[in-house]
Structures are given as C-alpha cells and as structure tokens.
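Across the two complexes that follow, subunit A remains constant while its partner is subunit B and subsequently subunit C.
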Partner chain A sequence: MTLLTVRDLRVDYFTTTRVIHAVRGASFDLAPAERVALVGESGSGKTTTALALMQMIDKPGRITGGNALLKGQDLLALDHEQMRRARLSRVAYIPQGAMNALNPVMRIRDQMLDGMADHGRRMGRAEARDFVAAALEGVGLPADVGTRYPHQLSGGMKQRACIAISIAMKPDLIIADEPTSALDVITQQQVMETLIAAQEQIGCGLLLIGHDMGLMAQATHRVIVMQDGLIAEDAPVDRIFTAPRHPYSRMLIESVPSLGDVPQDQVREPQKAGSAAVLAMPATGDAGPSELLRFDHVGKTFRGGFFGGGDVRALAPVSFALAADTPQIVSVVGQSGSGKTTLARLILGFESPSEGRILWRGQPVDAMGGRARAGYRQQVQAVFQDPYGSFNPFYQVDRTLKLPLVNFDIAAGTTDRRRRVEAACSAVGLNADEVLGRFPHELSGGQRQRLMVARALMIGPPLLVADEPVSMVDASLRMTILNNIRELKDQFGISVIYITHDLATAYHVSDYVLVMHQGRIVEAGPPRAVIKTPGHPYTRALVGAIPWPDPSRGWPPVGRSRAGWDAAPVIHGGYPGFVLESGLARAA
Partner chain B sequence: MNYLIGLLRHVFMLLAVIWAAATLNFFLPQLAPKNPITEKLTVLGETSGISSAQIVELTAALNERFGLDRPIWERYLDYLGDIARFDFGQSISNYPARVSDLIAQAIPWTIGLMVSTTIISFVIGTLIGAWAAWRRDSVLLQAVSSMLMVFSAIPFYLIGLVLIYVFAVRLGWFPISGGYSIFSIPAPTWEFAREVLHHSVLPALSITIASIGIWAVGMRGMMVTVQGEDYMTFARARGLTNRRMFLNYGVRNAILPQVTALALFFGQIVTGAVLVEAVFGYPGMGLLLLSSITLFDYPTIYGIVFILIVTIAVSMLAVELIYPLLDPRVRR
Partner chain C sequence: MTRIPDPAPIASPSPPRVEVIAREAPRGSAAARILAIARYLRRNPQLVLGVLLLGGLLAFSLIGRLFIEAGMAQPLVGPASLPPGAEHPLGTDPQGRDILAVMVYGSWLTLRMGFLAGLIGMAAGSALGFVAGYYGGWTDRIITWLVDVLLTVPAILFLVIISAMLSTALTSFGMAMIIALLAWRRPARQVRSQILVMRNAGYVEMARLSGASVPSIIFREIAPNLMPFLISSFIIAVAAAILAGIGLEAMGLGPQNEPTLGMTIYWIMKFSAFLLGMWWILPPVLLLIILFVALYLINAGLDELANPRLRKRG
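Moving on, here comes the complex of A and B:
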C-alpha cells in the first residue's frame, strides 16, 4: 500500500532556442506516514518534481509525461479547478522562502481562513477563532499570533505560521521545499520537530526537499537523490549514509562539513607562550606597528527613530587586537541579530562605532582623511554572501575584476592586468579561459563566488572580511571555496574574518572562533575547544542543534529553555596573533 | 499615545513646510527685474498719452498704495500675517477685486473637473494595468494597455485640440470652450448643471485619456513585481481562487505605491491642468494662474501658489496618515 506513486514523470522547459529536460522520467513511491527526502543541488530537478505534483509548472515549462497517483487518483490528470481544490485539502506545500511567503498586508488568521473558505470551509466568528488558536498551538505558536501581521513575527515564527496555514486542512501529503534553509540551526531543529510532530499527528506523508544531508539524516526515513533530472539513488536513510551506492550521493554526504574528522594538519593548538605574552598587553595602550587591527572597547548602538522604536544595541563593547605578522582566520559565529554582521561592517568602515575606537595599524579609522581612508579600504577587502549581487550584471566579469587594479593603481598596462587576473583565477582553481569574458549570469554561483575570492586575492589585502561566503553556494562547492579562503592565509598571508551562522564550517576553516549572541561574545577560543567542549549554555545549544549526517546519532532533545544564555562569556585562551581583551563580560 | 505624538509631529512638519514654501514664494518673485506697477503704467502711458512725469508720480502713489515702498522685511512679516488669514490683498490685473474672491470663484471649477477625472482615470487605469499584468496571455488586454501607453505620451492639450476639432468643430456635439454658455448666469438650477456638465465633457475626456495610461503603466509594473513574490506562489499552492489571488494578494499589494501617487496628484490639482484650461477657455485656477503670470499680478500669483502649497502639504499629510492604514508594515 503506497500513498503516492510517481511514475516516469517528465518536465521540459521550452525556451526559444532549445528544450531543457528538467525532470527526465522520475519514478518513486511514498508510503503512508513516511518521510522522504528529495535531495540534490540546484538544477537537479528536485523542486521542479515537487511543483509538478501540484501542477505548478509555469510556462515555458510543461509536464510532458508520467503520472502521480495520490491514493489511486492521478494528480496530473486533474483539470484546473480540480487541481485547485486538491491543493491545501489533499496536497499541502510549505514554501522555501518563508520570510516572504506570507501576504504582508494580511493578518495570519485571515491567511489561514481565506484558503479554507476557498475550499468550502466557512466558519463563524467564534468557531474561526477557536480553529486558528488550535492550529497555531499545534505548531507551538501562541493564539495571539493569529491577529498579527507577518512583519511582526521572527523568521522561525513565520515558518511555523506557514506550516500551520499549510496543514490546516489535514492533507494526505505535505511537500516542504527547504523549509528551514534560512533559519539558524537552533530554530531549524525546533521547526523541523514541529513539522514532524504535525505530520505524525495527521498521519500523512512528507516529501522534504533540500540539499542539507545532515538535516535529512535526522528528519527522514528514506532519501531520494536527484541529479540532472534523474533519480540517482533511492534508499532508506540508514543505508544511504553508511553505504551510498551512487558516487553523487557519496559526494553530497561527504560535502557536509562534519565536526568529527578534521585532517591533522588543520588541528592547531594555541601556542601558550605566545598567547600569554600578547594577553599581557595593556588594554588601551598605544598600538605598536605589529598590530593590524585593534578594537578598543568598540560598541554599536542603533538609535531608534524620531518616534517609536527604542535604541538597539547591536554590539556590546568589545576589545581585541589582530597582529600584523601572524595571519589567521577568525570566525564570528552567530544567528541573525547576534551582531556578527555589525562587527563586520564596523571593520569594513561601513558603520562608525558609537563608542570606543577602531585602530588600523595604530591609526584611528574615524580620524583618517581621504588618502589614508582610501588606503584603508584597499587593505581591508570583503567577500559577500550573494556572489551574484556582487557583480555588475551589465559588465563582463573581467571588468569587475580589473577595476580594483585600476582604481588602486596596482597594475599598469593591459597585459599586466590580464596576467594578474589569470594568475588569481588559477589560484582559486578556475580556468581563466572558461570564466573571463563572460557575464555574471553565465557563470555558476560557485564560479562567481570564487571569482570574488580571486578579486580579493589580486588586491592582496592584509585583511579580508568574508560575510557568509558559502551560504548561497551548492554544498559540493562549499568546501572548495572554504579551502580557497584557507589558502589565502596559508599561501598569501592574508588574515580573514569569517562571518557565519554555521558553526561546522567555522570549525573547518578557522584558527579562532568567536560565538556571538544578542550583540555579545558568549564564547571564544580555538575551534576544537569551542566545539568539542563548549562552555557556554548558548554554544552548547548551538553545537547540539547541528544536524549530523549520521542517522544513528539522533538529534539531542532541543533545549527550549533559554536558561543561562545570558551567562558570562567563556574564554578558552588565546591564539598567537589574535587577542580578545576585555569589555565582554557585562550582560546587556 | 505614539500615534498622537506622531500626528503632532506631522502637523508641525506640515506648518513648517507651508512656512518654508510661503517664504520662498515671497522672495523668489522679488528677484524678477520687473515691477508690476511700472509694467502696467508703461502700457498705459504708451496708449493714453499721459506724460512721463505723471507716470512717475502715479507710480510712487501706487507703490505706496500697495505698500511696495516699505522695507522688504516689513512686507515679509505683513505677508505672513495676511496669508495666515488667507488674505492675499487685491488683484493688480483685476483691481479692485480681492484675490481671495477670484480664487473662490475659480477653484470649484477646477476641483470639480480635476477630482472627477482623476478618480475616473485612477480607477480605470489601475484596473486595466492590473488586468494586463494578470492576464499576460490576453491579446486584447495587451493591445489596450499598449494603446493607453501611447496616449499617455501625448500631452493633455494636444488631445484636447484634436477632441475640439472632431467633436466641437466638425460634429458640433459639444461647445468649443468655456465652463458654461456666455448667455447664462450661474445659478443652482438643473438647467445650469446640465450645461456645465455638457461643457466639461471634452476637457474631462482629454485629461482622462491622457492620464489613464500613466496609472495603467504604473500598476502593471507593480503587479508584475508582486506576481513574482513568494506569497503569490504560496497563495497558489494553497488553492486560492483566482479572484482572491488577484484582488487580495495582487491588487491589494500592488496598489500601495499607486495610492501614494494619487494623493500627491491630488495635491496639485488646484492649479488644474493649466494648458487644458487654456485650450478649453475653462474658467478655473489654471486659467487664472496663466493670466496672472502674463500680467505680473503678484498678489494673485502669491495667492494661487500659496493655495497650491497648502494642498500639496495637506495631501502629503494625508499620505502619511492613510498609508499606515493600508500597509501594516509602516505602522508604529
């Protein structure tokens, strides 16, 4: 007895010049109450497959073959109105972009009730109120969320509200398209557990789409791996993680940055003598030439508006110093709102501190004049999260790459510039002939992001700020880009401030880790110490919520209580070249 | 409480904007090298043979009469006091009529014409724009919306001239110009109302034809953007009816910038469509403004511009107060 039987599903996109076969004959089953993962990288056809089940393929795409029997009825044979009625009542869809999936001008309650009204379930006032309250309670939200607007909810609450809205009519099948990809790990675990509990309570099937193998190991019974529109492997979760048969499955599993097996050459213990020496430095003394960057009790408070909205303390005063002669990678880990991006923007000079001083090679950044500031900008480079947004879409990538060479007067003459660009490309593992002369949209996300690293490399700054450089890149490329960043340090002596919400990648790439929560540093130390023996309750919750790509190692019960999260920070000692000094102990 | 503070702040801003604009309004014309009295008397001298000595004497007397001989700051303070009471003095070109009376006569014509045409073209244009974005496969809608786009590129007055030629001169269905027949006296009778309506058809039509396209183009663009939003995909995945998605999810969100534009548009209607009124000889604010400018009638220009400032400021205040009702995201 199966719930859903998909046979030979085909979806083609008819562009003006050619036909793209997005799904090329996918066949799979789903048992009642089963949770199945549909994984693959961008372009693998996983989302197209899911949308096809709801007949939501838009022109120029078309379902060109196959059928999908849900409880014996072919979803693909339904006419327009029948399909509309089947959505929500029989097949529920939880969208990827939970941040924007709700109508901003309607209350949550109304967005739940309007769908039901369109499926013939109209309710009186009192009945509707009780229904909404019960539905919200089912996903762990208080009843008064119903009367709120989407912008008044946090990301996790919005995703829960989406779940409550989607499953309000107790469907036979839930399709969830990367429902937690925009959330931090703690919220991700909470939302996934809510979704699983709701699914088990309804007793329906769940098709979970995503690319995070760790999450799938924790949340599903069976994994279907898709590649280039074909199903590469379909296996129970226990088997696929222990003995993947398809090389692509193996690659996906291996690309998850795990916390266990760090190669020996990456394990770096702090050198005690060095750290003791630098720790003894005066907190506010004049910086010697050996210091690259110093934060001297730097804090940032965003003032509220003229009326309404109070002040927001984005960063509690923090002091640290980065030595010039010892390049290192310092990770700043935290969820959205933790202050990590504010810290990055302060370093880049995009924000001015509201208290304290930032010193660059002993010079206060605020007091720098035009020339000095231009020099500072040249020496502190950035790689941002969105590699597409970092390029001007109307310029060939060469132009974007060569621009800093011209602006900062680094290379004279076309030949020299060309040579430098090519050298930088090969340093990040790109074939210059393949990428140069192309427009940004012609390159993959991974290529674009590696070009951004190459760009930073050409300028040869002493310091690079990388703000979530791999969060929008396919899993298989993440480690490659992170290794590129490591090479910046190892081969070219560039220090990196790596901003991320992902503790696992921080563990792999960095020499020193700062964990931030609500504008404060809560834990700091070498990655091994922070992740293997987290001392602060918040860090422990963060480490615990990381989904391991190992089904036998279950998710530990999520710590719903936030007890102790405002405890004093835990410092695991220093690292030569990076010193965290003071001003981080006070609770906000 | 917060709303009250916000309201007070907005009202304060309103007064500040009016004061600043009124001040500019006072000083800018003073920079012009022409004196209205000399202007008028020179014309008089050329046509009536009054001696230049008499003109000088007359100029001095009139300068005193209009207070133009006093220091500028004194006139500025008086000016502020006067405009606060909506007293703009006497018109120079229509002496001794009071400016406030001239405006009071002209303003109902303009408001009547502009408010009705603005609302009609907003509603029709917005609906057509929304539909054209929603049904991108409909050939008819695409044709209609591209045609409107072409019309919106033609200025009001040119459309007006064509309409006059076709419907007034050739077909004789409508009068060529004026707000009412020169033989009738304005009175609150059905007969007169019918006549006013008859006279307003062509000016109204020319404004409507030219501005529907602007609303349609704006709405279509916003609607296309909204259709790409995640909440539209989610709405579709929830099996909502097409009608609900169009109205509550599409139009409801896409119309927000249109409403802002509408309110700002309302702020400017007191000056009317100057050229349309000129083309149709329509007795509104536009025609009054035009004739005052050609005759350097400062008091009347001051008066009209001041009314314009006030209405623009008030409509901006209206945007500030109405917008939170439409968009919960800007509520505090």
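Moving on, here comes the complex of A and C:
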C-alpha cells in the first residue's frame, strides 16, 4: 500500500525566449509512515518537484504533465478550491526559513488558529487554548510560546513552531524543504528529532528536501537523488550509502566532510611565507615586528536601543597574536550569536572594539592615519558568506576583480590587469573565458565564490578573513573552494581566519581551532585535539550533533540541559605562530 | 509497496533541459539588447504609453512653435473672446491672446519649470540623502532633523510668501527656482532610506576592501543600482513641482507676463469663464490632464522596473 504515487511529473518554466524543463518526468512512491529524502544541488528540481505536489508552482512555471496520487486521489487534478482545502489538512509544508514564514506581527497562537479557521474548524476560547498548548507541547515547546511573537523566539523555536502549525491537522504527507539549513548543528539535531517524533506519532509520510547527505543518513529511510530534473537514483538509505549506483549520488556522499575516515595524518608543518608567491604581491611595508595581528583584550558590546533593553556583549575580551612569518589557517567555530562574525568584522575594521586594542604589525589600528589605514585595508582581505551579494549586480564580474588592482596600484595598464585576472582565475580552477565578461547573475554560486578567492589571491594580502565562504555553495563545490583557500596558505603564504559554524570543514582545513559560544572562546587547540577529544561540554555537544553519511550511526542524545556550557575554557596547547593568551581565562 | 526500478542514468530519451522557443540574438550584441528592451517594453505598456503621451505633448509644443510666433500668445493680438475660427483655431481669451499659441508656448514653459525644479530638488535632495545615509552619525541626525522639520511646514506657505515678495519681477524660470527651494526634502528622505539598505550590501563592503573611496562607492557602486529608483523619484518630483507651480499661478502669484498653463487657469477664474460658460476652459485643463496622466504612467512603469517584486512574468 502506497501513500503517495508520483508518475512522470513534468514542470516547465517559460522565459521570454526559452523553456526550462525543471522537472523532466519524475516518478517515485512513498509508503505510509515512510521518511523519504529528496536530495540534489541547487537547480536539480527537488524543490520544484515538492512544490508541484501542492500546486504551488509560481508563474512563469507550469505543471505540464504527470500525476500525483495521494491515497488514490490525484493532487494535480484538484481545482483551486479543492487544493486550498487539501493544503495543511492533507499535505503540509514546512518552509526553509521559519523566520520569513511566520508573520512578524501575529502571535504564534493566532497563526496556528488562522490555519484551523481557514479549514472550517472554529474553536471556543478554552478549546483553542488547549489545542495550541497541545500542539506546542507536541514539538517540545512550552505553552506560553503561543502568546509570543516570532521575534521573541530563537531560530530553532521558530522552526519548531512552524512544525507545530503544519502538523496540527494531522496531514497525510509532510513536505519539509530544508527545514534546518539556516540552523546550527545542535539546533538542527533538536529540530530534526522533533520533526521525526511528530511524524512517527501521526504516522504520516515525510518528504524531506535537502542537499546534506549526512543529515539524510541520520533522518530518513530512503533517498531519492535528483540531478538536472531527473531522478538519478532511488534507493533505501542503507544501500545508497554503502553502494551508490549513480556517480552523482557517490559524488554527493563523498562531498560531505566527515570527521573520521579521511586520512588526517598529513601533519601540517608550518612553513615560511613567500615560497611560491608568483601572483601574490609582497606585503607592502617592510617586515616590521614578527606579529601580524594582535588582539589585546579586545571586546565588543553593542548598546541596547531606546526600547531594545540591555546591552549585548557580542565578544568578551580576548587576546591573541598571529605571527607574521608563519602562514596558518585559524578556524573560529560557533553557532549564530557566538560572536564569530563580530570577531571577523573587528579584524576587517568594519567595527571598532568597545574595549581593548587591535594591533596590526605592532601599530594600533584605531590610531592609524589615512595612509597607514589604506595599507591596512589592502593587507586584510575577505571572502564573504554570500557569493550573490558580493558582486555588484550592475557590472560585469571583471570589475570586482580589477577594482583592487586599480585602487591599490598593483597592476599598470589594462593588459597587465587582464593577464593577472586570467592567471588568478586559472589558479582557482576557473576557465577565464567562461567567467569573465559575464554578469554576476549568469554565474553559479560556486563560480562566484571562487572568483572571490581569485580576487584575494591577486591582492596577495598577508591575512584573509573567510566568513563562512562555503555555507551558501553547493555541496559538490565546497571541498574545491576550501582547497582553493588551503592553497592560498600553502602556495602563497596567506594566513586565513576561517569563520564557520561547521566543525567538520574546520577540521579539514585548519591548523588551529577556536570554538566560540556566546561571545566567549570555550575551547581552543589543534583540530585533532579539539574534535577527537573535546574537553568542553559545549564542544562535545557540537561534535556529537554533526550529521555524517552513515545510517548506522544514530545521533547521540543532546544534553537538553545546557549545563556545563559555561564551564571554563579548555585550551589544548598552541600552534607555532598562533598564541592565545592566558588572559582569556581571566577575562572570561 | 511497489518499488520502481532505478532509472537508467540519463541515457533515457528525455528532452534537453533548456529549449529555445523564440529568436535569440548572440549574447551581448546590440541586436540582443534591442530585442531584450523591446520584449521588456511589451510587458510594460504603462511605461510606453506614458512616454508616448509626454513625447506627444513635447512635440505639440516644439513643432507648434515653428508655425506660430511667440507674439501670438501676448494680449491684444486679436479681438477679445473670439470663438474658434479660421484665424484663431482655438479662439481668443478676453484679453485678446490666441489660445492655441498660449497652449503651444505655455505647455513648454510649464514643462520646463517642472523639470528644472524637479532636477534641482532631486540633485540637492539625493546628495543630502546620500551623505546622511552613508555617513550616519551626527551628519545623518542633523540632515534628518532638518528634513523632518521642513516637511511639517506646508510648502505652499513658503511659496506664497516668497512669490508674493517677488511678484512683479517674476518669470517662469524664477518660479522654478522658488519651487526648487523646497523640492529637495522628499528625495532626501527617500534616498537616505535606500542608502541605509544598500550601505551594508556585500558588494559595498567588497568595494571598501578594494580601497574604493567614499565618493566612488556612492556614485559607482550604489547609485547605478538606484537608477530606476532615482528616475522614478525624479518623475514624482517633476509632477509635484508642476502641481506646486500651477497652484501658485492659479492664485495669481505666477509670472504675469508669461502665458503658462497655470496663468491661463488664473485668467479663466479672473474672467469668470466658468460662469460665462466660455469654451476656452477646456484646452489648458485637457493639456494638464494629459501631462499628469503621462507622468503617472511613467512613474508606475518605472516602479515596476525598480521593484522586481512587482514585476510580472511571462
């Protein structure tokens, strides 16, 4: 007995001159109480397939063929009014960004009751109160969450509230579109456990859309891999991870950075800078002191607004020093709100510290005059999280690459500039003819992010701040871009501060890892020590929550009580060239 | 449960992912650009209609002046209050002006006044808005405070006082300057809010990291992306300036010796054309309606261009 039978589903998008066949004949089944993953990279048609099941394809898209039988009734044949009634009551949808899905000016309970009323279920005051309390309790939220507004809830609570809304009518099928992609691993684990518990209790089917094979291994029974609008592979979870038949499935599985099985014995010897600086410019100014960057009890507190309540301490005072002659990759790992991005913006000079001093080559950054400041600008570069926002949509991508060459007087003349841009493109594995002369929207996220690495390479700064450079890039390209960043260090002697929420990638690229929680450093050390033998309870929870592509491994229980997360920081020893000062413990 | 066999890897006969269904010129060529613009305009008929109406009005005035001398729009060129006839196609007013000549020269003067005042107001306002939005801090507070205070003062009060003081020496050019004095407030506030949104865009931070100077960030990174918005604000500023100008003129505070559309309205009221049922009310009112509808359509069309969220697809 199948719950959902999809046969030969086709969805086309029409532009003025082209038809894009987004889904080209997808067929699959879903059994009752089965959890099925629909995975693929951006543009593979996975979300389009799911939206088509609810007839939620927006213009200029159109469902051009196929059927989807839910308990024998064709969802695609329903008229507008029938479909409206079927949504929520029979097919529920959990959107990607709960923060955007909830109405900011309505209380959670009103948003829940809204959907009920829309499906003809009106309740009295007491009944409604009990209903909301029960629904929230089902997702592990206290009943008083119902009276709150979305901005008063954390990301994980909002996503759980969304789950509560979507399962309130006990649907036959839940479609969850990357429900945890905006959350950190610990919250991701809690939300997924909530979702699975709710689904098992109702006994409905769950179609989980995503790109993270690790997560799918932990959460689903069966995996459907989509590529270019076609189903590449459809296999039970224990088969696909042990013996994937389609090369694309294998690639997706291999692209998950795992903590254990990759040989990590390549002991990274610290090397002297400037070994192969063909492209990289020598740092301007003379060698100066041996310290590149020093944080001297630097803290940042954001003042509360007029109504905003108290001050927010984004970063507790921290002291460290980065040596100038040892290129290295220092990872700063933490969930949102941990202060890692504040740290990055302080280094870039986009924020100024509220206490302490930042010294660049022995000189306080705050006291720098125009010329020195310009030099600092050039020597500390960045790769940002969002490859879409980093390019000005008005210009061809060339301009973003050439701008620093012109402003910093790195290359004279257009031919020299062109030559350098082309060399940098090929250094990050891009074909210059394919990417140059294009507008940002014509390139993929991975291409853009690699262009950003190429840009950093051309400037050749001693220090690069990479703020979540791969979190918005397709899985298959993540390791490529991280390897590009590794090469910056290995070949061009560029030190990198790698900001991430993902311990697994930090494990792969870095020489030293700092784990941050609520503005404090809680654990620091070489990646092996931090990840293999985490000493701090928070780090242990973080390491435990990382999903990896092994269905036989369950999630370890999260310490629901966050007890111990305030414990003193654990320092595992240093790395030549990076000194985390003991003042840290005192400051914390 | 029936299990579907694993589909064969992409060998199965399926159509290509992307099919071209209409003529496409080579990427980046002039032909491609023209085609793209033509296709866009076909989806945005308001913009086309607005531009056509405004263009028609301009053509009426610019071509008209080739056939009609400027002197015809002055008083006493013909007998007073003539109905339309062979000599004076739209007749004459009680002071003996040829109405057709007044319309030809007046619509030009009115348009010029609006565009001048709109341009000056827009330029000054967006400069202030750019500065306030980008620098923030005290600069922003002072500018925002000034704009907020001035916005609460009814513009017509200022304008009446100033034009009453200058009444005898006033020309339509002077009118434009007086209106421009207050036309910068709204653009300043609108541009500031747009800059606040864009200031922290990734590409602005990238430009800062690329050593770009503040003027270069404002004019070369942010301004191009604001273009549709700036043009649309400019059209609103023009419409507001024309409205303010006509308001003043209708009160008799305009240039007494120039045949603008607004002054014609004043003469209409002065000579009680409504009571006497004179037909020369119609031409200036019609021209003004066409003018405002054109500006509205252009603005709505540009709004659609500037706000992709409103954009229709298909």
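Assume the second predicted complex is superposed on the first by the 554 of 588 C-alpha atoms of A that agree within 3 Å, B and C clash if a C-alpha of one lies under 4 Å from a C-alpha of the other, contacts with A are read in each partner's own complex, and residues count from 1 in each chain.
The working rule: contacts are C-beta pairs under 8 Å (C-beta built on N, C-alpha and C of every residue); 3 or more make two chains touch, one makes a residue touch a chain.
Fair warning: this is a prediction, and the values are worked out from it, not measured in the lab.
Asker: Should the superposition on subunit A be reported as showing a clash between subunit B and subunit C, or a fit?
Answerer: With subunit A aligned, subunit B runs into subunit C, so clash.
Asker: Does subunit A have more residues touched by subunit B or by subunit C?
Answerer: So, of the two partners, C touches more residues of subunit A.
Asker: Could you tell me if A:229 is touching subunit B, subunit C, both of them or neither one (first, second, both, neither)?
Answerer: second
Asker: If you stack the two complexes on chain A, which partner ends up touching A:367: first (subunit B), second (subunit C), both, or neither?
Answerer: In the superposition, A:367 contacts neither subunit B nor subunit C.
Asker: Could you say whether A:115 touches subunit B, subunit C, both of them, or neither, answering first, second, both or neither?
Answerer: It touches subunit B, and subunit C stays clear.
Asker: Identify the partner contact of A:404: answer first if only subunit B is touched, second if only subunit C is, both if each is, neither if none is.
Answerer: second
Asker: Considering only touches as defined above, state whether A:197 meets subunit B (first), subunit C (second), both or neither.
Answerer: In the superposition, A:197 contacts neither subunit B nor subunit C.
Asker: Looking at 78-86, 150-158 or 186-194, which bit of subunit B clashes with subunit C?
Answerer: Given the superposition on chain A, subunit B and subunit C clash at 150-158.
Asker: For subunit A, which residues belong to both interfaces, subunit B and subunit C?
Answerer: Residues common to the subunit A contacts of subunit C and of subunit B do not exist here, since the sets are disjoint.
Asker: Give every residue of subunit C touching subunit A within the complex, in rising order.
Answerer: Those residues of subunit C that touch subunit A are 1-4, 6-7, 9-10, 12, 14-24, 28, 39, 201-203, 205-212, 221, 224-225, 313-314.
Asker: With touch defined as at the start, can you tell me which subunit A residues reach subunit C in the complex?
Answerer: My answer: residues 1-2, 14, 16-21, 24-25, 27-29, 31, 59-60, 227-235, 245-247, 348, 350, 374, 377-378, 381-382, 384, 386, 388-395, 400, 403-404, 407-408, 437.
Asker: Which stretch or stretches of subunit B touch subunit A in the complex?
Answerer: So the residues of subunit B in touch with subunit A come to 2, 5-6, 9, 229-231, 233-241, 244, 248-249, 252-253, 256, 326-329, 332.
Asker: Any idea which subunit A residues touch subunit B in the complex?
Answerer: Spelled out, the residues of subunit A in touch with subunit B are 54, 56, 83-89, 92-93, 95-97, 99-106, 114-115, 118-119, 149, 151, 162, 165-166, 305-309.
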